[in-house]
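Shared between the two complexes below is subunit A, which has subunit B as its partner in the first and subunit C in the second.
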Partner chain A sequence: MRTKRLSAALSVLLAGALVAGCSSGAEEQTPQETGPVELTFWTWAPNMDKIAAVWNEAHPDIKVTVSKQAGGDEAAAKFLTAAKAGNAPDLVQAEYQMLPSFVAAEAVADIKADVEGVRGEFSDGIWSLVTLGTDAVYGLPQDSGPMMLYYRQDLFAKYGIAVPKTWDEYAAAARTVRAKDKSVYLGGFSTKDPGWFAGLSQQAGGQWWAITGEAWKVGINDEATKKVADFWGGLAKEGAVDTQAPWTPEWNAALNGGKLLTWASAVWGPGVLSSNAPDGKGKWAIAPLPQWSAGESYSGFWGGSSIAVSAGSKHRKAAAQFLSWLNTDAKAVDLLIKEAAIYPAAKSGQKLLTTAPEYFANQPDFWQQATTIAGTARGFTFGPNVNVAYGAYKDAFDKAVQQKSSFADALTSVQDATVADMKKSGFTLAG
Partner chain B sequence: MSTAQKGARAHRAGATPYLYLAPAVVLFTLFVAAPIGYTAYLSMRRVKFSGLGLGKNSRTEIFAGLDNYRAAVADGEFWAGWLRVLGYAGLVLTLMLGLALVFALLLDSARVRLARFSRIAIFLPYAVPGVVATLLWGFLYLPSLSPIHATLRAFGVENVDLLDPSTVLFSMVNVAIWGGTGFNMLVLYTQLRAIPRDYYEAARIDGAGELAIALRVKVPMLAPALVLTTVFSIIATIQVFTEPMTLRPISNAVSSTWSPLMKVYTDAFINGDLYSAAATSLVIAVISVVPSLLFMRLVRRQAFGEER
Partner chain C sequence: MTAIAEKPRTSVAAEKSRPRGVRRGLGLAPTAVLLLGALYCLLPVCWVLAASTKTRGELFTSNAFAPGTGLLDNIADLSAYRDGIFWQWMANTALYAGVGALLSTAVSVLAGYALAKFRFFGRDTIFTVLIGGILVPAVVLAVPQYLLLAKAGLANTYWAVLLPSILHPYSIYLARIYAAAAIPDALLEAGRIDGAGEHRLLRVVALPLMAPGMVTIFLFQFVAIWNNFLLPFIMLADDERFPLTVGLYTLLATGANQPALYNLVITGALLSIIPLIALFLTMQRYWRTDLSGGSVKS
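Right, the complex of A and B next:
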């Protein structure tokens, strides 16, 4: 009995201490009146610390400290957890599709008033990714990933195929390649890259989320996206495209060894190709994505990110000031290109790209082509639970590929999972 | 007066043990009890959005009662995950412990050569972290670069996919056995060395051969160690996470909810729903304890008979 009472008392004491410890961390601290403002910055862009050092030297009153993060799904989860615990960084890199969930979690601040001056630096399509179609501004765009078709110039000649202008031509070429060489595929369908599929759906005119009045409309299985799903589903079923998981040594070997002739990817592709397929140097080239109707020219976005100011930051103005410099100042954007190897979102930055990547020495007009393609890319509004939709995509399409079942049905199950999650969370849904 | 004195003395006598206990109690509270308590608290809450969920104050955390538990138990995928894990655990338990027992008995038998080398060679994979082991094996399972496939091809077996739905379970079991046999072998072997040699001599005088000694003397005397390794293995296999999680990116046959623990991970870190994850993990904890307890109950008499 005594033991019980004592241990109960002890645990109460400890619990008290714990609660006290937690709450003292969350208490408001008075802003520093003297000394420089200290900002912390979570990003996975390489060499960002070098870029921040350039800023720090010119701005002794605002000191930015970079903390290098791992990218991917976990990066978003980590930030949301930190925000909940009250120790989020001042600045955070956010992939465009994750920004709405940050906003919904009230983890990032509206910086509209602080970045009014730089609106003109960005195209409307990119800008809508940081406003989410509202009046607020939740971050500044840093880089973007317009999609294009990477293809093996030499092997296209060898197999006697022309660069496909439409998806129909792509399908025909895929069959031709299989007929000529059983060990080679024209391209692949990735069940592991929902962002890739989202980009292809954007190209087709899909609108996965939309805001109508005060309600969300979810259209993951809209007609445009269904068309994309059925197209790839048909090719996968007849074995005309590769369905192995990308980003594995096996996939690298295929890309490197000429067993995959094309890769529908984004503007950041050269970095991947040069490290994963070093033997292909000088043999790959880029072209616009195949189109759904001849004569059209559309693309979509795969990847790209913004930098947001966390809601808990005590120095919103200083943070926004650094952000504006980082993503629009000519010198900073030049550093972003050279040090962080990104394709800048700012319009002015795209003009700074002149010399083709070394890997693409065979295509001296690489950046001119890329910029033209970027101008044709259309995006869509991302909803507050992209993570759920993307997770459902991987499970549903893995299964469809394994069972050779309908991709349209897989798409419907992604739609259903996304809608069910939004309903459960209490979002207002239209229709 | 006398009662007060008595009380004081009792207090003095009683304080010392608690003082000794304090570090354990503090650590237990901080790192076990408090997190479990917090998990239980989280499991009964959820987030509610209103409207678009984008404006200020459109997100509130509310009390959910047992809703999260109801959802966890009603999810068919959760039970399908348990079924997969049951198949996995059955294979790993029988094969891994069987192999560990055979190796231990072989190493203990008088006639074995290269005992030291074999012991280390069998144990070494245990020192390789699970993620690394699974990555290594995962790459070996991929066809174009792998010596496994090259060997199969040399014997005329073409186009085996070691990562498709019908084979991926065995591929995972293989990793677990590779990594786990050594540890269990060592536990059993250590116990074997502790058995007095006199028993074997007596058995030999009675006319028993090596095999008979192994089966009728050594194995029964190994019972407590076998129980220990079985319980540890049951708990470890039920919590299988590393192998499917690491194979998932390279296979189309492992879903995000392949094992119950993967469902917790997906809920918490992909879907951002800590509340459902908390409820599911408590359900898993309860379910994990049951087979271990059942097994202990079943074998208590045989294994620990002499202690009762």
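Right, the complex of A and C next:
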């Protein structure tokens, strides 16, 4: 008797939980149909909730709720899982290299019709990152990472080297530094930062992926990228550049202690330098990346992200409206700079940056220089399996550095791994 | 993961029969191995302890085990981060681990007791399936569980983390083994002859005897949920509901524009292990009862 009563109680409990589950789902939907539109927004930018609060105050009919997420590759995986479960947020922050995988999974919507008005706010290079070279628009650029050369002004003077204008000059300077002081490197080659290498390849004119119609073309080992790989391969082989892994305590110490004289990095570098190399304050400066041919001025992107509208969102128009405001409205972009500490992708936003970062007090025109460089950054189309290509890059180049073997061969193996994975996933490949 | 090490119970008789010299010789090697193991486990803790006292500047520049000067500043910064959300995460973690481990212990003990002491149709099948369940890592289940709970409309709620933690095959297995060993059939028989119903037997005879086992299961589950990362990471979207592990991870993976807040993460990690240590120190004494409890003459 008693066991029966217990099981009856249990089944009531379970049924109750199910009903509660269903009813809470229904509650979520009712206000969306009648009252103001509710949008959820996944982002890892700091203080985005404060910026959304400004929007909410001015737009009582569209309420944006920010859920702060962790950034990185896992954020992309989490969004794709949520999209699969039909549980995706309306708006999602997507790193540029992750956006194509969202598009391939049909997790984000084409918002071209809703954002055409703000096209002029962005440079062509940045815009190509959200169109993937197609006619559609899969998001609005939020922040960008144009690459530049960070260098130690004081130590350049000490070793008697000039800021390299071309990569040839860079190589010569690297050898000079090694000849003068065995404990110091001009710069390093990173096997851990495929995004960094992708940025340098963009500068050289590399086109790793391209899409025509439905067919993808993979060009990771194209001529331009090969040139970049061979250049660094040569320097690494003769020991002219540092090949230790960055982002380690040893690397931080080298950066901090003046053992690394340059760092080819992106516009977000000041944040890293100020936390990882605090002793270098006032000693670093920026210059454009060395060029492949004298007289050129090109750069690439390393990092940066866009905001996309998920395909499952019931309020695409409202979401696009918020997006346009967030990334192009003068007040919103100003908040993005001040609260979220980003380097805005919008051209008008870049002009709002006037006071150089504290760390770069020695270079008062820091932002003016950065903006000039940002305008020279070349575009790039990322493919749907960047994570595979990046993983292969780390493996292949790690091995190449250890065995002092050819970087061009390593590049070919990255290309092969990427193509093989795309074939396996059922993408159509051209030629 | 903190490992629960039970003191090996050496039998008195065996010790007496061994000649003295031999015992010493054998004792040295295990002690050395254990000391090495303790060093291996404690060294990272020492590092966290030292690193959490360092300011951002000191963290990567000073000696790894030298104390710094910024502990109080770090704690203040961490408490100020996003209006003190760290303490919200701490409360969430305590809720997930406390309630989850309690429910899980209750389910495991009931199931284990039934599997050990009752004969019913399909008992062995159920047990075999459970053993199979132990072999499936929880990590593999996280995504299917997410899809399931999303369908039930429970994703991104406290239930999303609590429900999957309740059923834990290994704890049931442990409870069954413990019940089989700690509750003599004779005791249950005697109770039945005296006219006690099954519920009363469970309450008065079985549960007190299983208490040390319950503490073990509770602690196991508490630590497992406290340290769990993937399940809450997938289940929860709203950072007001994050546990410490996922919350601290958002400080680490801040995106490229922001420096990772290493010093806050390390201080947060230190603060997050303090409740675990306190719990272990207070619960430790319950383990001792298993020597005296349940002794019947057989």
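Here is the rule we use: the second predicted complex is superposed on the first by the 397 of 431 C-alpha atoms of A that agree within 3 Å, B and C clash if a C-alpha of one lies under 4 Å from a C-alpha of the other, contacts with A are read in each partner's own complex, and residues count from 1 in each chain.
Going forward, contacts are C-beta pairs under 8 Å (C-beta built on N, C-alpha and C of every residue); 3 or more make two chains touch, one makes a residue touch a chain.
Given the structure is predicted, the values throughout are model-derived calculations rather than measurements.
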item	value
Overlay on subunit A: subunit C relative to subunit B, clash or fit	clash
Contacts of A:Lys68 with subunit B and subunit C, given as first, second, both or neither	second
First, second, both or neither for A:Asp395, with subunit B first and subunit C second	first
First (subunit B), second (subunit C), both or neither touched by A:Leu80	first
Subunit B versus subunit C as contact partner of A:Leu91, first or second or both or neither	neither
Partner chain in contact with A:Pro249 - subunit B first, subunit C second, else both or neither	both
Touching partner for A:Pro384 - first (subunit B), second (subunit C), both, neither	first
Subunit B versus subunit C as contact partner of A:Ala341, first or second or both or neither	second
Touched partner set for A:Trp44, first subunit B, second subunit C, both or neither	second
First (subunit B), second (subunit C), both or neither touched by A:Ala104	first
Part of subunit B, among the options 45-53, 207-215, 243-251 or 279-287, whose backbone runs into subunit C after overlay	207-215
On subunit A, positions contacted by subunit B and by subunit C	2, 18, 74, 249, 253
Subunit B contact footprint on subunit A (complex, rising order)	2, 6-7, 10-11, 14-15, 18, 73-74, 76-77, 80, 100-101, 103-106, 132, 134, 136, 191-192, 211, 214-216, 243-245, 247-250, 253-254, 384-385, 387-388, 391, 394-395, 398-399, 401-402, 421, 425-428
Contacting residues of subunit A [partner subunit C, same complex]	2, 17-18, 21-22, 24-25, 28, 40, 42, 44-46, 67-72, 74-75, 78, 81-82, 84-87, 89, 143, 145, 249, 252-253, 256, 266, 268, 271-272, 274-276, 278-279, 302-305, 340-343
Subunit A-facing residues of subunit B, complex	14, 18, 22, 25-26, 29-30, 33-34, 37, 47-54, 56, 58-59, 139, 142-145, 164-165, 249-257, 266, 268-272
Residues of subunit C touching subunit A in the complex	56-57, 60-61, 82, 143, 146-147, 150-157, 159, 197-199, 233-234, 237-239, 246, 249-250, 252-260, 262
